[in-house]
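One chain, chain A, links the two complexes that follow: it is found with chain B in the first and with chain C in the second.
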Partner chain A sequence: MHGNTGKIADISLAEGTVTMLNLPEDTYRSFIGGSGLGAKLFWDRADFSADPLSPEALFILMNGPLTGIRLSGASRMSATARSPLTGGLAESSCGGYFAPALRLAGYDGLVITGRADKPSVICIDKDIITIEDAASLWGRGIEESTMALHGTYGKKSTSLVIGPAGENLVPFACILNEAHHAFGRCGMGAVMGSKNLKAIVVKEAKGELSLADPDRVKAMIKELTPRIREHLISQVLHDFGTSGNLEGHMYSGDVPVKNWTSNFNEEMGDALTGSTLSERFLKKVGTCAYCAVACKRIVQVDEGPYAIPEGPGPEYETVVSFGSLLGTPDLAAVCKAGRVCNDLGMDTISAGATIAWAMEAYERGDLTDERTGGMALRWGDMDLVANSILPMMASRSGKLGELLSKGSAGAARAIGGNTINYTAQSKGLEAPMHDPRGGHGHALAYAVSPRGACHVQTAMHFMETGACNYPEIGFEFDLEALTGDGKPETMVLAAAIGCIENSACLCQFADRSFTMQEIAELINAAAGYKYTLSEMMDAGMRGYDLKRCINFLLGFTAADDTLSPRLLEPARDGDTAGIEIHFDDMKKKFYHLMELDPVKGVPSRRRLEAEGLSDEAERIWPGTS
Partner chain B sequence: MAGDFITVEVAGKGPVRKYIARNKAVVPSGSTISTLISGLRIPEELRVICMRDGKRMPPAAKLHEGDSIIIISMLAGG
Partner chain C sequence: MSTYYKDADDLYKIYGYFLDRVLQDEKIGTKMSKAGIIIKFIYTDPDAEITIDLKNPPSKKGYYGTFYLGPCDLKEDVWSKQPADHSHRFWHGLENPIAGVTKGIIKQGGKVTAMLKLLPVIKPAFKMYPIALKEMGLDHLIVSK
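Right, the complex of A and B next:
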């Protein structure tokens, strides 16, 4: 086997045992790696009736076939589990340094089951995997824990760590690598916490990769790296971070304001955008392994109520979640809230969105002082957010902390009435900070994304905003953002492309200048899959369809491929005011193109069998032919 | 002749600011949004949309004396 090592460590925390799982090479090829292979492992191994936080629940970390080849953008990995937030398939991707370290230590992935009888750390030191005591870390924040792990396992070790939120099983708890790179979405931190697993550490790893065609890999890296570096998106990301175009997107209706009641606020756009962040607080840029872009921000707020020392700064999603969504243009406060949220180990999107929903609920009188414990939730009260609400959510303390720790949909269900209507989510996962009313394809993408509202599980976000063009697979047209025209057809390609990117574990910023043919060639040179372009596209689609089948067995149907009403209300102001999203038409056409059953929401038996998913077809469509 | 030209105010939002050196542009009367953009030498790969009075304008929309045009960068976000 090339690229991949063929070794997946199967770790039982209950038994304290480690065995090696060796999948056939053809399984790797069929699902690429990363999220696709994670889904396949979940399908084959999961007890679909198991609670997401039970010992029986699976937690899977998977590298892709390119991990470790020293290509900019190829340092990500994928986590797969059942989400404690949504109950459906959870998938999350993380950059940083852990993925290449795990590969160089000799592993394609980890499958973790059971529950340790005390707080534990999994330590990976090449062939030796041990489960060690972590009692001294339990209850500590992610930054402090990460530093302590470096002290114990060496400066060149790298770790995945949960914070107090994960320990307390907050269903949108996240996992951080080096306190800066997040498996943010779907509650992976709670899954680790439920297993009494505080951290996973790879000690210094210096192994060599076995590549199918090392010379070709080297030549492609040499060719692609300058292209990545010089790409316009890369330059903007380097100079201004992922929020580099926030002010531009504010005008196009992409940026939600005050719990999605608006998508236009000029003052907030100017105050929160990436150039303002660079001018006011940037100390230096940060990167993932081998990165030629350096989109990460290292910031410091020198003075004032939100002063913070030099350290990780906010991404676009965090800037908007704790900025305009909460009704504040105060970028210092956003930096502080983001730092606090990360250290506690919560997804900044879900945390910010849930607080924004609560602020609106309080304003409407749906959330009363009795439920907030007497706290007045006012738009833009960032002192309350950073110093009280976030810590209460992470510790699930007080009435308000317990309520908001459920996430927006869970909290809305708890207080009832029509409050669910002004959550902004699909399948229970809070929408990322790109308003579908500024790009109607996003509405379809959020609804049919297997993990819930998401802009990176498929490639629609990049395709609709014109960030890429793939004539080799029939996508070479500019899309008009404010209509549904061409969106279902684009979504078919976007589903496959997104699955390829998340299975190859590529950064969706770095790979924007790659052709799909080049991605296939890279995978072939590294892993020797011998894909044709068409076979790689099929593998992406196979992964997407399998994820839909998993969701069906977890209780989701076509009716769940929708958005909460707030996201489909015509915008009230700005350029997009009054424009209706024709969601049902887009969904109907996408279902037709994908042969999805209008009730079950799964592909037809014919389609599954044609994809080589015959066993899956039989389980989804028993007794039919 | 003075009447052959019009003056419009121009502002950039997002990375396109880098390519807008002045906040006023003098263009031949009858010019369109498309004419204005091509004169600014914005890189082809940086997609932009233009807005007047808070509404996006098609490339063929004609400019008028005193128009205030905001040019918006369209780049995939984070």
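Right, the complex of A and C next:
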């Protein structure tokens, strides 16, 4: 096997045992790697009735076929589980340093089951995987824990760590690598916490890759790297970080304000945008392994109530979640809230969105002082957010902490009334900070993404904004953001492309200048899959369809492919004001194009069988032909 | 052959009239001047060049920047090259500049991020361009969706 190592460590925390899974090469080729292969492992091994936080629950980490090849954007990996937040399929992607370290240590991935009888760390030191005591780290924040792990396992080690929120099973708890790079979404931190697993450490990233065509890989890296560096998106990301064009997005109606009640505020756009962050707080740029883009921000707030020492700074999603969404233009406060939230180990999108929902609920009188324990939730009260609400959510303490630790949909269900209508989510996953009213394709993408409202599980975000162009697969930009025209057809391609990117574990920023043919060639040169372009597209679609089948067995149907009402209301201000999203029409056409059953929400038996998913088809459509 | 411009002089006449208004507009001009850069627009079909200086003090009172029609000696911080007809549609708000770059219709160099940040600032000018054409008696050049 090339590119991949063919070794997946199967770790039982209950038994304290490690065995090796050796999947057939054809399985890798059929699902690419990363999220596609994670979904396949989940399908084959999961107990679909198991609670996401039970010992039986699976936690899968998977590299892609390109991991470790020293190409910008190829240092990501994918996590798969059942989400404690949504109950559906959870997947999350993380950059940083862990993925190449795991690959160089000799592994394509880890499948973790069971629950350790005490707080533990999995330590990977080449061929030796041990489960070690982590009692001294339990209860500590992610930054402190990460430093302590470096002290124990050496400066060259790298780790995935959960914070107190994960330990306390907050359903949107995250996992961080080097206290900066996040498996943010779907509550992967709680899954680790439920297993008494504080951290996973690779002691040293040392080893050799076996590539199918090393010379071709080298030549492609040489050819692609300058193109990545010079790409417009890369330049913006490098100069100003992922929030680099926030004020531009504000004008196009992309940036939500005050719990999605508005999507236009010039003052906030100027105050929160990436150039302002650079001017006021940037100390230096940071990066994932081998990356020429370097979109990460290292910031310091020198003085004032939100002073923080030099360390990881907020990216776009965090800036908006704790900025305009909460009604504040105070960027120092955003930096502080982001740092606190990361250290506690919570997804900044879900945390910010849940607080924003609570602020609106309080303003409306749906959330009373009795429910908040006497706390007045006012728009923009960042002192309360950073110093009280976030710690309470992570520890699930007090009435308010317990309520908001459920996430926005869970909290809305708890207090009832019409409060669910002004959550901003799909399938229970809070929407990322790109307003579908500024790009109607996002509405469809959020609704039909298997993990819930998500802009990176498919490629719609970049396709709709004009940042990619794929004539080789029939996609040449001709979309207008504020209509549904062409969006279902685009979504078909976007579903496959997104699954390819997340399975090859490519960064969706760094690969924007790649053609799909080049991605296939890269995979072939590294892993020897011998894909034609169409076979790779089929593999992406196969992964997407399999994830839909998993969700069906976890209780989701076509009715769940929707958005909360708030996200479908016409915008109230800005250039997008009053424009209606024709969501039902887009969904209906997408379902038709994808042969999705209008009730079950899964592909037809014919389609599954044509994709080589005959066993899956039989399980979804038993007794039919 | 250009759909909208007879030749470079025709293009300069139209953009001169338009930029004269944009660079005196208080809301747009104030924000543009904060960019502090010199931008060179290079057009093809017809071949032409326009430089907008948002770095040095404006040469005329009441203006927030200075523009030069045709080649000039100022060293640009950023340049952008595109077909003149694409630019014409852009100023009507009908072209997505990100897609233009992605598809290779627009080429750029230098401090492109600084220029990108001007995009939201100049958005109100999209309404001014057709008005300028109308004022010049060039209604037939106004493009609709």
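What we mean here is this: the second predicted complex is superposed on the first by the 625 of 625 C-alpha atoms of A that agree within 3 Å, B and C clash if a C-alpha of one lies under 4 Å from a C-alpha of the other, contacts with A are read in each partner's own complex, and residues count from 1 in each chain.
One rule holds in what follows: a contact is a pair of C-beta atoms (placed from the backbone, for glycine too) under 8 Å apart; a residue touches a chain by one contact, two chains touch by 3 or more.
Nothing here was measured: the structure is a model prediction, and the numbers come from that model.
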**Asked** When the two structures are overlaid on chain A, which partner does A:L232 contact: first (chain B), second (chain C), both, or neither?
**Response** both
**Request:** With the two complexes superposed on chain A, say which partner A:L137 touches: chain B (first), chain C (second), both, or neither.
**Result:** neither
**Request:** Using the touch definition from the top, say if A:H434 reaches chain B (first), chain C (second), both or neither.
**Result:** first
**Prompt:** Can A:E476 be said to touch chain B (first), chain C (second), both, or neither?
**Reply:** second
**Request:** Going by the touch definition up top, name the partner, chain B or chain C, that contacts more of chain A.
**Result:** B
**Request:** Check whether A:D254 is in contact with chain B, with chain C, with both or with neither, and answer first, second, both or neither.
**Result:** first
**Asked** Where does A:I550 make contact in the superposed view: on chain B (first), on chain C (second), on both, or on neither?
**Response** neither
**Item:** Set of chain A residues, in rising order, touched by both chain B and chain C
**Value:** 232, 236, 239-240, 244-245, 247-248, 250-251, 269, 275, 465-467
**Asked** For chain C, which residues are in contact with chain A within the complex?
**Response** 96, 98-103, 108, 112-113, 116-117, 119-120, 123
**Complex contact set, residues of chain B against chain A** = 13-17, 43, 45-47, 49, 51, 54-56, 70, 72-78
**Message:** Can you tell me which positions in chain A touch chain B when the two form their complex?
**Reply:** 231-233, 236, 239-252, 254, 269, 273, 275, 295, 315-317, 433-434, 461-462, 465-467, 478, 509, 512, 574-575
**Request:** Using the touch definition up top, name the residues of chain A that touch chain C in the complex.
**Result:** 232, 235-236, 239-240, 244-245, 247-248, 250-251, 269, 275, 465-469, 476-477
